[in-house]
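Both complexes shown next keep chain A, but they swap its partner, so chain B is in the first and chain C is in the second.
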Partner chain A sequence: MSVDLKQFHQVFFEESQEHLDTMEQLLMTLDLQQPDAEELNSIFRAAHSIKGGSGIFGFDALGSVTHVMENLLDRLRKGLQQPDTELVDGLLKAVDHLGVLLLQYRQDEVIDWNFVAQATSHVETLLADGVSQGSDKDKSAPYGLFEDPVLPDRAEEKWGLFEGIESGPEKSEAFGFFEPLPGAIDGAKESAESEAGDSAFGFFDEPASGVVAEELGSSSGEKSGLVAAPGKPPAPKSVAGKKMPGVSPTKMVATESTSIRVDVDKVDKLINLVGELVITQSMLAVLGKDLDEQQAERMQNVLGELERNTREIQESVMSIRMLPVSFVFNRFPRVVRDLSAKLGKDIDLHIEGGNTELDKSLIEKLVDPLTHLVRNSIDHGIESPKARAAAGKPATGRVTLTAAQQGGNIIIGIHDDGGGLNRDRILSKAEENGLSASDTMSDEDVWALIFQPGFSTAEVVTDVSGRGVGMDVVRRNISSLGGRIEVSSTPGQGSVFTIVLPLTLAIVDGMGVRVGDQTYIIPLVNIVESMQPPEKSVKTLGKDVLLHVRDYYWPVLPLYQKMNVKPDCVDPEKAIVVLVETSKRRFGLMVDELVGQQQVVIKSLEKHYRRIPGVAGATIMGDGSVALILDVESLASSVVDPVNLEEIA
Partner chain B sequence: MSKHVLVVDDSASIRQMVEFTLKGAGYSVTAARDGEEALSLCKSNTYDCVLTDQNMPKMDGITLIKSLRTLPAYSRKPILVLTTEAGDAMKAQGRAAGATGWMVKPFDPKSLLDVAAKVMA
Partner chain C sequence: MTSESFGGQEKEFLSFTLGDEHYAVDIMQVQEIRGWEKATKIANAPDFIKGVINLRGDIVPVVDLRIKFNVGKPVYNEFTIVIVLQIRQRVVGIVVDSVSDVIRLTPDMIRPAPEFGVAFDSRYLKGLSNVEDHMVILVDIDELITSKELALFDQADNKSIDH
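Now for the complex of A and B:
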């Protein structure tokens, strides 16, 4: 029977990648003074599993590297060799090598065997002196010897149990049976018979057991050895207790939860379909309005039900795509470790809120910008130990990654306790690079300069943070995800980069508003309240209109001006003002009418048309018309600065 | 009725491969991802043969075998250890635990079927 092993390759690749990640993570956190036995075991198991799988699927390059790694790890877990920084570094490097090989297999590339040899010998050098290759081979030989005294003392086991297997005695044993002890039963005869064949597996016989003898008597010689069962089972309890001392069950349970692997495309298709379902449902709602009263009521009930179910389906489907941010965060201990070694800075990395969940596509696209920001914090942010000592700070710098959900947004922060952004240097650099800058700019505006293309504040260009081409790319990447990046900084105390991302990319709860013959959607998360402005609460100041509500002057932005459409009314007191709030500002949007609250599916405008300022995307309404979804954040920038307003007030 | 085999391995690719191979040869197969899961499966089901990996989280193969041998239903059932460690110590452990035999990874589908046929004959 031939089995096409290819079909299992994908699973093997994914599984191996997970094992590599596990190894890296555990190696990073390994306590060198008192290595945790279960952690060492887990690292060993990971290497072991890759080796086992690569053997079966014929990925020999992976197998040969993991093979030597396994020997080393086995020595570590048995306490024969003590881990030190050098060794951990070496193992991490080996993990990297495995990652490269895995990718090559994955992409069906030709394996560079020189590289494999290097990687293998690299691990071999890590083995403590005195560990000869001989004993090394012994431990991992693909066959083994019985301890049974009956057996001749040689390397190959030759049993006759599988005479059908054509292979010479030179071929190593890949399985075997345990023979009964000499004299106990007539199994010895069988072992003699089997000398000629190659033993590719083995069976254990219970030594001198009555049960065995009985079974043997009633069956043929060849089978008898196989069905032999132990007459007296050993007590397992004490062993079980001893073997698993440091296992923390919760940790294991968390990683071993019942799950299936699904192609992301399938999930994406589901999400698209749910999007269409949301549209269909709002179309039904529109149809329902035309029915007579009695039917309309029944229709409303059913529609309510449909809406609830649709919402639940949508939430469930979205949650499939959600991954904890720790997927990105967990790569940083390694980045920080490598960088701090390279730069001679001592850095503690703290991670908070790793369980915060984010859409998978966002997670993947976050990797590059976040890596850049973390590198930047370490390279430019954290000072050298000398400078830190001079400033009276602890020599060890601190970088903190945080993630948290805030309403419909995910907030990711990169904090460092370094020197903070240097206002003067940024300004002079900006001038050098021909960017418009002046000494009177607010700090916020100065910080924003670092996101301009071609800006670099590092006095020496390093290979760590690149050539200053990064920050503008970071900002562009993040805004392409529908998010934004902000920076705040205190001289001498450090900087905080904050990335604000939408929770999902596909569906948003919004309020439909009408201006003239157009409908716009305002995301619900931005809306504070909507009102018809009370008389006398509207003030005008030059060209600007202000609305005095709840002890605050809200600048009013007439949406018809921004969108260039003809409204029904231009007088704020007759129109509706929707009060909205963004991270920076609060203001009012003047519209003609509220249409109603609903879920809308975001369709990218850029993909189908082009980017429009102030518009985040488009959606299809229940009646089939297209409505634009407003980007309240970017509209905020065309509103009068609230600081100036307060002076007026 | 086809023979029912329990495959225990923490590696999904190996589980799938063994499962596929055995199913292709007409066995019914159940898979467990560690010793603990296998043991609880064995307490509620009777399998004709157990193929178990040695290195697994939570409960390793040897412990599983020892535990299974205390169950009356499994005192004589064939149990094979799949292992990459073919050393003497490993075999002695397997024997002491009451395993019927061992099989060294990597193995090819054909020898897997050979062994399965032998132990369940």
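Now for the complex of A and C:
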């Protein structure tokens, strides 16, 4: 049996993690004055599911902690104990403990039973407090294997699922396998068994325990009628003690889940293949151009059709990997809560645009930089309540996370209404740390200094932030995702960090440029404009060339030099200059010719070769040849800083 | 890999020429043989790295061993061949003048490599063998391609394969 169960471990771990996340989120939003019954039920269910599963798989540490939690939660949802901040804190902590244990099981580590005992007793203390308060109300001790008192509640909870308030499709699915259960009275043991049976499937969030009160049989029957096939009589009123694990096909259809779990590797493989398809399609398109007239028209039609289809396939395949940004955002209420308590600041967190979708791989890699930025906003951005009062602001600080799609990019913003960045302090700190800075720098350039390695203006190094290892890492992380980060700030009113990310890592919109016999792709995100520079705007400065456009001196980087190829022209006036912009600076790339704009599938160079400086990856062009995609961000570092040259030119 | 035993069994090698010399590699590491096609140049790479090519969607580097070891003349024409090798899950192409044959050798037919007289450092050799009147040099291609000397991979991520 143990061999059989092992294959479900992964599913259990994933689901338990989801349950933990759910619990955390719900606990965070719990209204202490008037706790929502359904929310409490959901929390309870989550704990219960973890407990059920851990029982099956023998993860006793998880089981023992969730067991006490369950007792406590049960009291909460029955109104026997009133939740307060302390209790919620305690439960959150317990959720953290469970997370640690889950990780230990997942990584096959040895369980630290002292830790388990601590975690358990931690929850028990909360429970004990509540019990002593409410003991007169509650006669039945909540320490049974299954707290069977007040069964109606339990039944309500079950059927509440079909009303689908908190439950995802998967949860409903779990019930699709069971007849509407009018219930077994001799609850505890029976339910333990049925749990065992269910959870072994490993796919269900909520092991359907058979603890449903007899007297509820009829009412649950009515409710189940909502999902059962029409004309199906309500389940017979209570066959006491009899489990009904039969599968009802009609109901399975009715409650069929709308989502499936798929291995990410499979999706990735599909995406790769579609990438190939896109390339093959564009190769065909190139070939189609050379046909004789008669066939050409028909060929063009077919090719057009193929192009539409491949584009659609590509879009739908890419969307498989897309997840709403709320996957990252939802962890922040907790971060903000913990931090604001720690720092004695009162902070409201607002989240906007959580539904914006982003590639899964990007989402995962966003967690660290975003966490850092949010912590930073709370620690450095928002002032202490006293300072806020003095500045005539509401005592409660406000941090807003936003996400929105703009063209092919996702824009994520972290806004705070704190004191804003302090220009003087940044400048003096920069000088202290030996960074090149001057008082004449524009605000934008001053703000950019905070992304330099080893920079931190925090007066006090806290364990929250301020070790100066942060912002440059944040920027590096973001640019490794093909994105960039910007900051704007108004003294006294707050700062805004803006992260611009590509929708996906796999495909980029780019401009093809030719230098000599080589073609390169410049990501469209970076391009400001392309031009054949008029003679009068080209200035030379020693060996360096500057282009005076839009009141700005753009240093010109000849791509042929950087890429070591033989160009058609070396004269900037005869060449094309593509003006590009990065988080660091703006400059011009000198190329021979623009080839055209196109979507390209990014291929890794590192898979079979190694990283090339100035190159982000490679792609395959319509003719089957390889073109390198330029990493404008890293090219920027080899450009002479224009700021110091401005007076001379 | 050099100490690899043949277990007394016959083993197959693919022999090829660089200039006037005959070399051979373990055929199990050969993925395919292709005609030469122009590679996309890589900026600031050593001259023996001819660039990268598109191998059915994978971007694969091509190395010209003639340049690296200074044997023969690096000419590229319709007879120039690229042997595509699979080495530790990486795919690499090597340019050779021609592919000759598949030869079968048993361990007793292989003599130790000399310390000198061969373009390759003896570290990269498995031994010598005589096949039909001429000497064939058995190259430890795995050792060669992953060597620091060729610097084909970032040393740090030798093991990692990213997508």
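Simple rule for what comes next: the second predicted complex is superposed on the first by the 387 of 649 C-alpha atoms of A that agree within 3 Å, B and C clash if a C-alpha of one lies under 4 Å from a C-alpha of the other, contacts with A are read in each partner's own complex, and residues count from 1 in each chain.
Just so it is clear, contacts are C-beta pairs under 8 Å (C-beta built on N, C-alpha and C of every residue); 3 or more make two chains touch, one makes a residue touch a chain.
Treat the numbers as computed from the prediction; the structure is a model and nothing was measured.
In the superposed model, A:268 lies in contact with chain C only, and not with chain B.
Residue by residue along chain A, chain B and chain C are tallied for touches, and B comes out ahead.
Once chain A of one complex is fitted onto chain A of the other, the partner contacts of A:614 are limited to chain C, with no touch recorded for chain B. Contact with chain C, but none with chain B, is seen for A:625 once the two complexes are overlaid on the shared chain. Of the two partner chains placed by superposition, only chain B is touched by A:42; chain C is not. Look at A:604: by the touch rule set out above, it reaches chain C but stays clear of chain B. With both structures placed on the common chain, the touch criterion links A:563 to chain C but leaves chain B unconnected. When the shared chain is aligned, chain B comes close enough to touch A:12, but chain C does not.
Residue ranges of chain B in contact with chain A, taken from their complex: 10-14, 16-17, 20-21, 24-25, 33-34, 53, 55-60, 62-63, 66-67, 69-70, 75-78, 80, 84-88, 90-92, 94-111, 113-115, 118-119, 121. By the touch criterion stated above, chain A contacts chain C in their complex at residues 268, 272, 275-276, 279, 518, 562-565, 603-615, 618, 620, 624-628.
Here chain A touches chain B in the complex through residues 1-3, 5, 7-9, 11-12, 15, 42, 44-45, 48-49, 51-53, 55-57, 63, 70, 138-147, 161-162, 164-165, 173-178, 200-204, 206, 211, 223, 226-230, 233-236, 239-240, 243-244, 247, 249, 252, 256, going by the rule given at the top.
On the side of chain C, the complex with chain A involves touching residues 38-45, 51-54, 56-61, 90-92, 151-154, 157, 161-163.
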